[in-house]
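Paired with subunit B in one complex and with subunit C in the other, subunit A is shared by the two complexes that follow.
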Partner chain A sequence: MNDRPPIVIGAGPAGSRAAATLVAAGYSPIVLDEAPASGGQIYRRAPSGFTRSYRALYGFDAAKARRLHAAFDGIKGSIDYRPGTLVWDLKHGALHCLSNGRSQEISYRDVILAPGARDRIIPFPGWTLPGIYTLGGAQIALKYQGCAIGTRIVFMGTGPLLYLVAYQYAKAGGAIAAVLDTTPFAAKRRAVPGLLRGGSTFAKGLWYVAALRARGIIVANGIRPVAAEEKDAAVSVLAYRSAAGVERRLACDAIAFGFGLSSETQLADLAEIPFTFDPIQQQFLPEHDISGRTPVRGVYLAGDGSGIAGADAAELAGERAALALLEDHGHEVGKPRVAALERALRQIAEFRVTLEAAFPFPVDIAEEMPDDTILCRCEAVTAGEFRSSAHALEADEINRAKAFSRCGMGRCQGRVCGPAAAAVLAAALNLPPERVGRLRGQPPVKPIPMAVVTVHP
Partner chain B sequence: MEAPQFRRLAESDRPRIRLSIDGRSCEALAGDTLLTALLTNGRRLRSSEFGDEPRAGFCLMGACQDCWVTLEDGTRLRACTTFVAEGMRIVTASAVNDER
Partner chain C sequence: MTEHVAADVAIVGGGTAGCSTALHLRRRGATVVLLERELCGGQASGVNYGGVRQQGRDLAELPLARRSREMWGRLAEIVGNDCEFVASGHVKLARSDADMAELEAYREAVRPYGLELEMLGRNDLRTRYPFLGDAAVGGSLCADDGQANPRLVAPAFAHAARAAGADIREHASVTTIEHDGARFRLRTASGIEVTATTLLNVAGAWGHEIAARFGESVPEDVIAPNMCVTEPVPHFMVPNFGVCGGGFYVRQIPRGNVIFGGGRGIAARERVRASPLALSSLDSSRQTITLVPCLRHAQIIRTWTGIEGVMPDVIPVIGRSRTTPGLFHAFGFSGHGFQLGPAMGAVLSELILDGATPTPIAAFDIGRFASASS
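Up next is the complex of A and B:
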């Protein structure tokens, strides 16, 4: 293995632990990460010159953030660490990466993919207006830049991030117009027994909601977005329907929204790992077992990029995948440690089922999206254009529908619109979501300058 | 000037940086992303190529590609993952749309 060091892609919780495990076994992995510093999104570090404490930045998770950063900083001298590096293609033992405006090909034998996740969103009328961001984006503005996304903010959607980000804003002195949860109260109440088994996650959630209410902030359940309205070409109002069916309008100059997370799977796709539909997470995921091994030899998966399980699971999975890689090269690895990691990962996976029930993906918002709503923000394709091309051209699969409509063909490659577009298509054709398929990953997985691509004859 | 989109809540004790936005001289802080620099001075980054409507970014984590901005010399940069630098000259109006 030493002629071609193992490669770790991503330096969040999964990638950091994978790299540290390889170093502990005597290897010097190459770690490629798009961010300027390790930590991933959840433990993203502030730029140099920023002074807030770990406690201020990461709250309850300050100790975990500090441990993960320290673990990575401790191995920096033993790895080939390349921050600010985008892996834009990967196939058959060769990957292409871009850093400082230069592209390079690296040949590999073993690679651990730990690319993480992004917000899962569903478009609603007006969502492309200035002032409207994802929940993750709103959190980055605060954590990474010390900024609020507006002066009167609505937080809307579902999932643990909704209350966490709203709470972080309230604590930092941001002005919140309301927290609007699409999940009906009854669904959350039904999930309580399961949530209680999930350790501190539930307690933290209750704490955030109580802290928001104590500040007099409106928290509403079971809502549906109607439209964002504009004044002077930026958001000024969020209209929504209450659980009782009453339409309300909230003045605001910013909206943060999201409906859980979606895995980054483009590189796993390019590596030719087969995908299957996960009915619990309602997304197609690259196949892998609990050790992180995939049907493609030498390619391992860890963290939220292989299915959403959160940061704690990502750390465990990163270590487990690295141990799998070592086992596959004939190393003795500690059996009790492997068993403990797998046991913990299984427990988190069971808890995930409860979490998904407590924060269900409100697929009806996509199914009932008005025809004039922009579905694909890159190419400005409306839901109506997408539906009519699917009907008229008999596109019963999402890649055909993309080719006909350009929905998902823009710069983001369907990262933003993909999950909602699949739901729109499935509803339009009256098919189950797994039947319409998934948008295929294409190199380059993100935009790169033409000038850096070396043309091979 | 219109009210800016972003509001600083913390970390504002950093060195000042000068930049130009559509020819207007503006101030930002060292360590700001280009997105932060633009949105603490206004409410837009660019125009959509498919209409005149303004855009101001979305995911802030380099996934959505909504925040690519143009410098006066034609260089294109993803605003959420690029730090602002002294003397940068950014154009948020779309040349294509303005020629219509």
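Up next is the complex of A and C:
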């Protein structure tokens, strides 16, 4: 294995822990990460020269962030660490990565994919107006640069991130117009017994909601977005329908929204790992077992890129995948440690089922999307154009519908609009979501400049 | 549970040639079943570069290409969808004096076919296309050529054929084909049994497999042309550009994306899967910048390829079988079948229903391969 060192893609919780595990076994992995510093999205580090404390940056998770960062900094001398590096293609034992305008081919025998996740969004009328961010984007502005996205902000959507980001803004002194949750209160109440088993995760959630209410911030459940309205080329109002069906209008200068997370699965797709539909997470996921092994020899998965389970699970899965890689190369690995990791991962997976039930993906927003709503912002395709092009030439799956309409063919290659587009199509054709399939990944994973210089190793 | 279907003509392959033939046959009253393994237009017909080009073709292909070009201009009338065809022109660039001489000779050779080419010197190029770099010294323009959206063409023909009464079956992979002397009998993995008096083999890169079942072994190779597309940039490039000697091409669609190709991807014909090759994408990107330097700041958003059958003489097999009455072939379009697709339907339907077509196709006879005529 030393002639071709193992490769870890991503330096978030999963990738950091995988790399540390390989180093502990005597290997010097290559770690490729898009970010300028390790930590991933959740433990993203502030730029150098910023002086905010771990407590200010990561709140309840300060100790975990500190530990993960320290562990990674501790192995930097033992790994080939390449920050600011995009892996844009990967197949059949060779990957291509881009860094500072230079593209390099690296051949690999073993690779651990830990690319993480992104916000899952559902377009609503006006969502492309300036001033509208994803929840994750709003959080990064605050965490990375210490900037707020506005001075009167609406947080809208569902999932744990909704309350966490709103709380972080409130704590930083941001002015919050309201926190609007698409989940009905009843769904959350039903989930309480299961959520209690999640221990601190649930306690933190309650704490955030209580802290927001204590600040006098409106927290509403069971709402549906109607439209974002514009004044002077920026968002000025969010119109929404309350749980009681009353239309309300909230003045604001920024909106942060999101409906849970989607796994970043393009690299797994390019590696030719088969996908199956996960009915709990409502997304297609690359096949893997609890050890992170996939049907493709030498390719391992860890973290939210293989299915959303959160940062704690990502760390465990990163270690487990690295141990699997070591086992596959004939190393003795501690059986009790493997058993403990798998037990903990199973527990988190069970809790995840409850969490998804407490914050269901509000698929009806996609299904009932008005025809004039921009569905694909890269290619400016409306929901109506998408529906009618799918009907006109009889597209019965998402790649066909994409080919006919250009929805999902732009800069983001459907990473942003894909999940909602699949829901729109499924509803238009009256098919279950798994029948319309998933957008196939095509390189590059993210745009690359034409003037890229090819570096030969 | 087997479903039995009888028709005058069974077509194997849902590319543009197959779908267009289904439409033409239906409009003349023949009953048609078309069997497509995946989705119509899923391979070479649907994922090609989208050039609607006559210039540069083998002279033997020109009568077909001329007939097809006339149909491209009427697609909206023929299939109810213009498939984004625009007669934007096609410029073949010369990078040396020898290239220029070759273009001159070609222009003289194609005159009898009614194809008009305009020679462009270095100054003409600079005046008309100021975005071109110094690599090009001249070129020839075919104003009549253009481009279309390949993703729409085969599905549009399939849709029109279905509306005209053709039985188009997708996800219908043919497992057995037999001929009892009078009828063909085909079975699909999905449990359809088709009987037909005529069989049309338009199976693209897999056409040789069907031909071989009837004692006609032909050396059909496979390629996967590698293509890339950029994000939209302001529209500045009207005609498509290719280069003398081929192998590299670029066009811009009216909404701004620049599409270019060159080199090869990976074709796994047996798995019916193709994937682009990063090094080919990077190479063709470099070539594009050499010819069109202002694109250096554009970003590539997607790369792709598809599986295409190639004959040793780089022209297709078209015509009746030499061994089996009622069997017709049209495959191995060798990387330039997209433009010919619409006319293939007209020509093959004539061949099947009338026994002859006014468009000369003798050069494409399967008998030109020795092992096929034994």
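As a convention for this text, the second predicted complex is superposed on the first by the 452 of 457 C-alpha atoms of A that agree within 3 Å, B and C clash if a C-alpha of one lies under 4 Å from a C-alpha of the other, contacts with A are read in each partner's own complex, and residues count from 1 in each chain.
The definition used in the following text is that a residue touches a chain if its C-beta (ideal position, glycine included) is under 8 Å from a C-beta of that chain, and two chains touch if they have at least 3 such contacts.
Nothing here was measured: the structure is a model prediction, and the numbers come from that model.
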| task | Could you check whether subunit B and subunit C clash or fit when both are placed on subunit A? | result | fit
| query | Touch check for A:P447: first (subunit B), second (subunit C), both, or neither? | reply | both
| In the superposed model, does subunit B or subunit C contact more residues of subunit A? | B
| message | Just checking: does A:A254 make contact with subunit B only, subunit C only, both, or neither of them? Give me first, second, both or neither. | response | first
| said: By the touch definition at the top of the document, which applies to A:M409: first (subunit B), second (subunit C), both, or neither? | reply: second
| What is the C-alpha-centre angle with subunit A at the apex and subunit B, subunit C at the ends, nearest 10 degrees? | 80
| said: Between subunit B and subunit C, whom does A:P83 touch in the aligned arrangement: first, second, both, or neither? | reply: neither
| message | According to the stated criteria, A:E394 is in contact with first (subunit B), second (subunit C), both, or neither; which is it? | response | second
| said: Quick check on the superposed pair: does A:P184 touch subunit B, subunit C, both, or neither? Answer first, second, both or neither. | reply: neither
| said: Taking the superposition on A as described, I'd like to know which of subunit B and subunit C A:R118 touches: first, second, both or neither. | reply: first
| subunit B to subunit C: minimum CA distance in the overlay, Å? | 5
| field | Footprint overlap on subunit A, where subunit B in one structure and subunit C in the other make contact | value | 410-411, 447
| field | subunit C-touching residues of subunit A, taken from the complex the two chains share | value | 88-89, 91-92, 94, 96, 103, 105, 270, 392-394, 400, 403-404, 409-411, 413, 442-444, 447-452, 454
| query | Considering the complex alone, what residue numbers of subunit A touch subunit B? | reply | 34, 41, 46-52, 56, 118-119, 128-134, 136-138, 140-142, 144-151, 172-174, 232-234, 253-254, 264, 377-380, 410-412, 415-416, 446-447
| note | In their shared complex, subunit A is touched by residues of subunit B numbered 2-3, 5-15, 30-33, 36, 39-40, 43-44, 48-51, 53-66, 68, 78, 80-81, 83
| subunit A touches which residues of subunit C in the complex? | 39, 46, 81, 151-152, 155-156, 159, 162, 230-232, 266, 275-276, 278-279, 281-282, 285-286, 288-289, 295-304
